[in-house]
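Here you go, one structure.
Lettered A, B, C, D and E in written order, each chain numbered from 1.
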Amino acid sequence: MPETLVFYVLSGVAIATSALVIGQRNPMYSVLLLVASFGALAGLYIQLDAPFVAVAQIIIYAGAVMVLFLFVVMLLNAPREDAAEWDRTHPLRQPAFARFGGLLALVLVLQLAWALLSATGVDAPVASRAGSEVVGSVRALGRTLFTDYVFAFEATSILILVAMVGAVVLARREGDQS
Amino acid sequence: MLNSGFDAVVPMLCVTLAALAVMGAEAFRGKDESMPLGGLGIVGIIGAAIASVLLWNRNASSFGVIVADNFGLFVTLVLLIVGVLTIMFSSPVLRRDGFPKGDYYALVLFAVTGMIMMAVANDLLVVFIALEILSIAVYVLTGIRRDDPRATEAAFKYFLLGAFSSAFFLYGIAFTYGLAGSTRLDRIGTYVAAQSMSDNPLLLVALGLLLVGFAFKISAVPFHMWTPDAYEGAPAVVTGFMSTGVKAAAFAAFTRVFLSSFEPFSGEWAPIVWLLAAATMILGTVVGVAQSNLKRMLAYSSIAHGGYLLVGLVAANQVGKAAILFYLLAYAVTNLAAFGVIALLGTKDAANDELRDYAGLWQTRPSLAALMTVCLLSLGGLPPTAGFIGKWYIFSAAVSAGYYGLAVIGVLTSVVSVFFYLRVVVMMYMSDRQAATAPPPVPTVGMAALVVSVGVIFWLGILPTPVLDFAAESIATIF
Amino acid sequence: MLLTLSWLLPVAGALLLLFIGNADGRRDGPIRWFSLVVTVATFVVTLVVWAGFDAGSSEFQFVERYPWIPAFGIDYYLGVDGISLLLVVLTSFLSPIALLSSWGSIERKVKEFSIFMLALEAAMIGVFLSLDLFLFYVFWDAMLVPMYFLIGIWGYDQRIYAAIKFMLYTMTGSVLMLVAILGLAYLHSAATGTYSFDLLKLYALDIAPQTQMWFFLAFTVAFAIKVPLFPFHTWLQDAHVQAPTAGSVILAGVLLKMGTYGLLRFSFPLFPEAAGYFAPALAVLAVIGIVYGALVAMVQPDMKKLVAYSSVSHLGFVVLGICAMNIQGVEGAVYQMLAHGVSTGGLFLVVGMLSERRHTRLISEFGGLKAVVPRLTTAFMIITLASIGLPGLNGFIGEFLIMLGAFRWDPRFVVVAGLGVILSAVYMLWMFQRVYYGPVTHEENVTLRDLLPRELAAVVPLCAMAFVMGIFPTLFLRPMEASVNALVQRVQETQTLRAANEMQNARFKMQTVQRPMR
Amino acid sequence: MIPLGHYLIVSAILFAIGAAGVFLRRNLITILLSIEIMLNAVNLSFVAFGRQLGSFDGQIITFFVIAVAAAEAAVGLAIVIGLYRHRESLNPDAFTLLKW
Amino acid sequence: MIALIPLFPLLGFVINASLGRRLPKAISGGVAMAVMVASFAVSVMSVWDLAALPAAERTIEQTVYTWIASGDFILDLTLRLDPLAAVMILVVTGVGALIHIYSTAYMHDEVDSEFARYFSYLNLFAAFMLVLVLGANFLVLFVGWEGVGLCSYLLIGFWFRKKAAADAGKKAFVVNRIGDYAFVLGMLLLLVRFGTLDFQRLASIVAAIPPENGVFGALSIATLLLFIGATGKSAQIPLYTWLPDAMEGPTPVSALIHAATMVTAGVYMIGRNAVLFGHAPETMLIVAIVGALTALMAGTIGLVQNDIKRVLAYSTVSQLGLMFVAMGMGAFGAGIFHLYTHAFFKALLFLGSGAVIHALHGEQDIRNMGGLKRYLPVTYWTFLIGSLAIAGVPGLAGFFSKDEILYETFRAGHWILWTMAAITSFLTATYMFRLVFLTFHGERRRDPGSGIRDPGSDLMPQMSRHSGSPIPDPGSRVPSHDVHDHAAHDSHLHDAPPAMALALIVLAVGSAVAGYVGVPHALGGHNALAEWLAPSFQPPTTVASAPVAGGLQASGEEALAENAGLELTLMTVSSAIAIVGIAVAAFVWLRRRELADALAARFAGAYRLLLNKYYVDELYDATVVEPIRLGSQEGLWRGIDVGVIDGAVNGTAALVGAGSGALRRLQTGSVRAYAGSMFIGVVVILGYYLWR
């Protein structure tokens, strides 16, 4: 069945690119790979009848946030890792630590997978419930957003304001305060 | 505007407006024109306080996600006190160290907003957003001294781990939402109540992940690692602020989520929290013994105090909930005052927060030494101070819930903690000053704040009845 | 009202001093006089209490009770019975003397010193007065702080170590007691539905033996550390040796009594069955302490250390008497508390005077002083004899009654404890002889000055007290009689485990006659 | 149709990858990216759950999460810049002034 | 009334102690004497009243006040005068008064303050001694018992600058304490067993129960404990070692405390509890044996001592031993009789020796004396009378009392004890006259000569009392007791000054005639003293009933008939023994001095053994004193206290510190490590939930 195939392809791409992101020494490539992974995720969203989220994902994430990252990477023309001398001598450099982290991640996956598989109701296909036809209509979504979630929405505005102020305070050049 | 559907949000609204006003004033003021920005913030906070007092016992709720019940309001008031004291301690420090005043106050006020929101939120999503608001504000405050590499490093560590933990927290929310079909605490509660204890692994996973998120914010072992570094690196006032405000807000949400929604599962999470509490108390005190930097020492001590608060959470009975509230207040005032002293002793170029810097303080600044001593004794839980009543309250909760083991660990660790509090006292009173330079003169505002807090400490220690009743009343309405 | 006054007076004095500026020590003189007056006034107040005390009744008298933290049934609840009355009087009697003794030795920070002394007195009196366990604990812990500062600031070279050790060691015990107190209150609420820290209500509570064991241990360890009972005594000599004279006087005179008082007021009556079960073990520790303390005291080169260890020995007697839990034993114990307060307080006083003159406490630094300071010698002699329990002086009555009581309980303990009587003579007289007899061996000692009038004023009351207590013990025994009777009744009638205990050592006991012993 | 569990497992794997990234990489930027990966994994779960439950909530929450992620990214990057100012490095292990 | 008896000396003490340092010698000494004389007068009057009463109820009781009242234990401070007490108070006040008089002269060289101090102590001693003998129950007796111990401590160490004196004082007190420990235990046992400490009540209670023949019951234990107390006070084996050292005190003190009164307290105590001891035959036997052994041992030691006071001290020990033999035999009357006579002649002898020392300016070594007869006639003749009396020469005081003891012992069938006692009396005669001859006869000897020095004694002649005090201070104006060059003086050695002479003469008369109150029936007397004392040795109100074991059967007529012959025989034997002893002494030390040295050389081992007092002191030091001291210092204090216990305390602290140091290292500062710990936490918590 096609959508199954699509699902596997997309999730495969997402996982692979994400894995490459962290398997990558050059931050530049990492950012680009992450964009790819986001695209794959967007595909999954569409498959889940959440086109709006998919669009937002592409525009905001891949478009805005990742670009911000790119800027920073270029601004600092970030050196490849372990360029500096101290890096070789640092106790945490030996891969044992990294392996340990990977191991933990593996354990986490196994735990979650085990929990999911042993859980009831997750093997049911998605959207098997009623009301699936309204899902995806942007108007309805907007209505919900500005009724049920209006407070969260306002709160988020404060959050973004704080983030702005913070970013300004922190990133401002020396000397020119106030 | 009260009695409308919005009244529950009025307190945080006041604070937010104050923050915006500060920003505006900062933006529009002339180059060397000085404005009472701190005063502005205090005005807003006082307004919020009045609002919350008016809201008392009305159990108001807005948008269905904000519930201004007495519990939330009590914490709100505590947070407002924290805010006021922080501003009072900050004003001389700002002038001294030349922080960007407007941004600073705005961030403090936004942080307070986020804390209040967290305390009164009735929806996991809102809790998450509030958490992010206060976290981001505090990250920035931590690193506000940009010329200081330590401060920046502290901010970075705090930020990175905070983001890491909030990812877990969010994941927990996701599972909860997936199972309960909503993020509203009441609906989660009804769902959880319907579940049988242990045949629902996903719910347990969700529980665990939420636990992790909160445990990080209250810096419970082993999620505490960020605390000493962040506290040491941040400016003393900010440390005082986050060591009290963030903890109070996080505990409010923690208590709300785990003692209302997940109350039926207490059999599931109590053992874990028991372990967390024990580990936190022990490690906090034991490692505190070896510290030579006062801020770091107090950081560990505040970790330990988080452990004591967890004991109240484990007890999970009426006494415990009230105890948490009272302890939050006592601890907030005391700890803030202690960090206030540290802040007031620092200078622009020297933090003066090493233990040896306090040698012979008795000779040079007797009043400061005395006030600091009171704070330390209160932290150590000696009568007749607020800390003693708080500890007694917490442990009586544990005992009445049958957790004698925790109580014993708690009292013994508090003895150990007394040891390092006493080290400071020894420095101040019993050893002679080697630093030639006398500490800076004490500004009036800071002194006033100190005197007030010490007064509160004694008041809570000698005549705690009104506040105790207040706390008991607060938890009576919910849960 | 009188009781509140008795502890509030020093507090008020301390607060008043707090606001007197004395940075340059200009006002030292007035401050000294003021604090002395305050303590004397306190003494007068307690005497008034004694005067109004009805020796006939075993009830608590002068009871004052106001709700404090109603939510937890915590009251501000004061009262005296025969036992606490005398200890309160002892406290207020020793405090002025201690202050007086400090006039010569404390030059710096006189104001703070006086403040701490007054606070200390207040806390100690409060401990003896409070009938509410919570209030008791508050005073109990509050007392640590001023003592800590007294040792730590005005002490000798090792003072900081000693101060911290004192604080932590005693706190470790008391926090465990706190847990037990909370447990009691919880049991009360479980039984009656309301929390209560009211001692008398808690007496009435009946507690499962198993629980009693734990709570008893928690309480008793706290008190044993304070006493100090044999294995818990090592904080004592450090604190004693390092504390300034006034501190040692109070420490030896009153603080140690708080431990034995606690055993008497809380451990035994609250948990009678556990008490019956543990009494022999406690007695064994006490007896070990008696002999051990004496033996170790014998070989001390340092006068204050010697006296400190002698306290271990003397208080072993007190604990032994308490464990006997019969009328003579307990009365003897209380009497010995008073006697020890007077004689050992006096010993520290005179030793302190000596060490202030020569700035050393080593016995080897002295010798032949009898020829140089006859008055001091006489005082020292009297107090020495008092503390080795010479009949006609205060020490004897208590020791004899304790031994009598213990003998009626289990003679084996007395056989060992009696050795303490021998050894006390050995170490005290040996010290006395090395310090005062023989030729004057150190040139510095030739010019030592004899007691000043001020010092005389401090010493004479103690010596007089030693005689009065030795010759007219009934003055002090009568007030406590009723209360001790009630206490012993309460403990023994509820002791079921005790019966088994009796069985166990029945063959060592001889039946005692019922008719009054004349 | 694909069972819900599949989506959840995918998101779990992504989450774990992100978590592992925090350890594997010694570059602040990449570490921030890993955290972004974790948040996105959570988003996937939200959407999947929402779809399963047949409500918008999941999608809406996703928006908020994206906003939060953006805010965190902004502040985080600002801090990174500040760090880089102090010490010409992006290696997290280079910043150990504060320890013990 | 009788309360006044102890109160007078107490008054004297208060006066002299409080303002004595400002009074001139005349006044302070006068006060001291006056109160003693007054006390003596009151005693005489009260004894007169007592004698007026019929024999059955001869007790005068006075309850001063209730001393201790604790629950069912109520103890009154009661004084009771009965025949036994009567004898004692007369001795104490009488002899005491004389010795006070004597002291005014003897101590005259002390400065005022010291003088007053001396007399205040002396008065205090008298007061306590009177309380001791008048006390109506054990506790009151114990007050006096401890009080006299204290005074002896103070008086032995009177010359406190001298280390030897101070040590001796402490030794006396501590050794006595050991006895008191047993004494207290005995008291407690009696109290708990019989419910009273009053002598009369105890007697009547015990009289009701059968004697513990063959069994060693509570009563035997109690009495034995009491006896151990007595051995401490009365210097019997094993606690006698303090008495010889006690000679460090001023001689009058030795006379009053360590000869006449205090040391006899043990004997008195047994007499006072005759009924109790009578019901514990096992204990009685022990008493007798210990007494006999002590008597013999002390006698042998006395034979070779060279210090005049030490000889007397050992003779005191041995005489006390005899008294205990009598007590052990149940011959309480005899024991008290000997106590009474002994008080006279031993006090006399000591005072005499004091006169000699006074005359020789502190010389105490008899090897440096001799030929003093013509310089000190009064001293000589009185001393001679005393020696005859103690030797038991017929007609003098000692004869009657000692003879009665021997007789009772023999009649009780303990012929071994009798032999020991007889040997003792032989030794007594010998060493006493050795003393007399070496001191007063022969020609004057200056330098110590070739005699073996007495190493055990601190009394080397050349040591002055005030030696070792490098700096002059008010108390230490060197008095003329110091050793000067004899040559300067022995031309005009002055005899005892009047005050001393008076005391000597009066006591000499006493020693001569005191015995006649107890002339046995065998000699046609009627043993007045025994009859007088009789009620005291029997349970109250049962005088008529069967007498206590061995009490005084001599008084029964029929007993008299068959015993008279035996008694007379024994008398002749013992008189013979005395005479022979004197003869031997005369032969060896008067005729052929070299013989003594020859003997000493011949039996060098034995001689050294005796000279060093059987090395008992050394034995005690090695086996008891040193082990305890070292054990406490190294084992208990350094080892257990500092090492183990305090080590544990500080160890806990160190442990926490170490843990802190280790745990803080987890805080490596690397943010990834922090994340790691968080991650571990997550995995563990989830694991707990999933694998649970």
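By our rule, a contact is a pair of C-beta atoms (placed from the backbone, for glycine too) under 8 Å apart; a residue touches a chain by one contact, two chains touch by 3 or more.
No experiment lies behind these values; they were computed from the predicted model shown.
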Review point. Chains shared as neighbours by subunit B and subunit D?
Key: A, E
Study note, to complete from the structure: Take subunit B away without moving anything else and the assembly reads one piece
**Study point:** Chain-contact steps, minimal, separating subunit D from subunit C
**Key:** 2
Exercise for review: Starting from the Cα centroid of subunit B, hunt down the chain whose centroid lies farthest away.
Suggested key: E
Review point. Which of the chain pairs holds the record for C-beta pairs in contact?
Key: A-D
**Study point:** Identifier of the chain whose CA centre is least distant from the whole-structure CA centre
**Key:** C
**Study point:** Taking each chain's C-alpha mean as its centre, the one farthest from subunit C
**Key:** A
Exercise for review: Report, in whole Å, the distance between the mean C-alpha point of subunit C and the mean C-alpha point of subunit E.
Suggested key: 38
Check your understanding: Per the centroid of Cα atoms for each chain, what is the distance between subunit D and subunit E, given in Å?
Key -> 98
Review point. If you average the Cα atoms of subunit B and of subunit C to get two centres, how far apart are those centres in Å?
Key: 43
Point to revise | Interchain centroid distance [CA atoms averaged], subunit A/subunit B, Å | key: 31
**Study point:** Touching two or more other chains - residue numbers and ranges from subunit E
**Key:** 664, 667-673, 675-676, 679-680, 682, 686, 690
Study note, to complete from the structure: Shared-interface residues of subunit D (touching two or more other chains) are 15, 18-19, 22-23, 26, 32, 48, 50, 52-53, 55, 57-58, 64, 68, 71-72, 75, 79-80, 82, 92-93, 95, 97-99
Exercise for review: For subunit A, jot down the residues that touch at least 2 other chains.
Suggested key: 92, 97, 100-101, 104, 108, 111-112, 114-116, 119, 122, 148-149, 152, 156, 159, 162-163, 166, 170
Point to revise | Those chain pairs that satisfy the touch definition | key: A-B, A-D, A-E, B-C, B-D, B-E, C-E, D-E
Point to revise | subunit E-touching residues of subunit C, taken from the complex the two chains share | key: 165, 168-169, 231, 233-235, 292, 295-296, 298-300, 326-328, 331-332, 368, 370-372, 374, 385, 390-392, 397, 400-401, 403-404, 407-408, 411, 414-415, 418-419, 421-422, 425-426, 429-430, 433, 436-441, 443, 446, 473-474, 477-478, 481, 484-485, 510, 512-518
**Study point:** In the complex, subunit E residues that touch subunit A
**Key:** 668, 670, 672-673, 676, 679-680, 682-683, 686-687, 690
Review point. If you look only at subunit D, which of its residues touch subunit A in the complex?
Key: 1-10, 12-27, 29-30, 32-34, 36-37, 40, 43-44, 47-48, 50-60, 62-64, 66-75, 77-82, 84, 89-91, 93-94
**Study point:** Interface residues, subunit B side, partner subunit A - complex
**Key:** 9, 16, 23, 26, 62-66, 98-103, 106-107, 110, 113-114, 117, 123, 125-126, 129-130, 132-133, 136-137, 139-140, 143-144, 146-147, 155, 200-202, 204-205
Check your understanding: Touching subunit E in the complex: which residues of subunit D?
Key -> 19, 22-23, 26, 92-93, 95-100
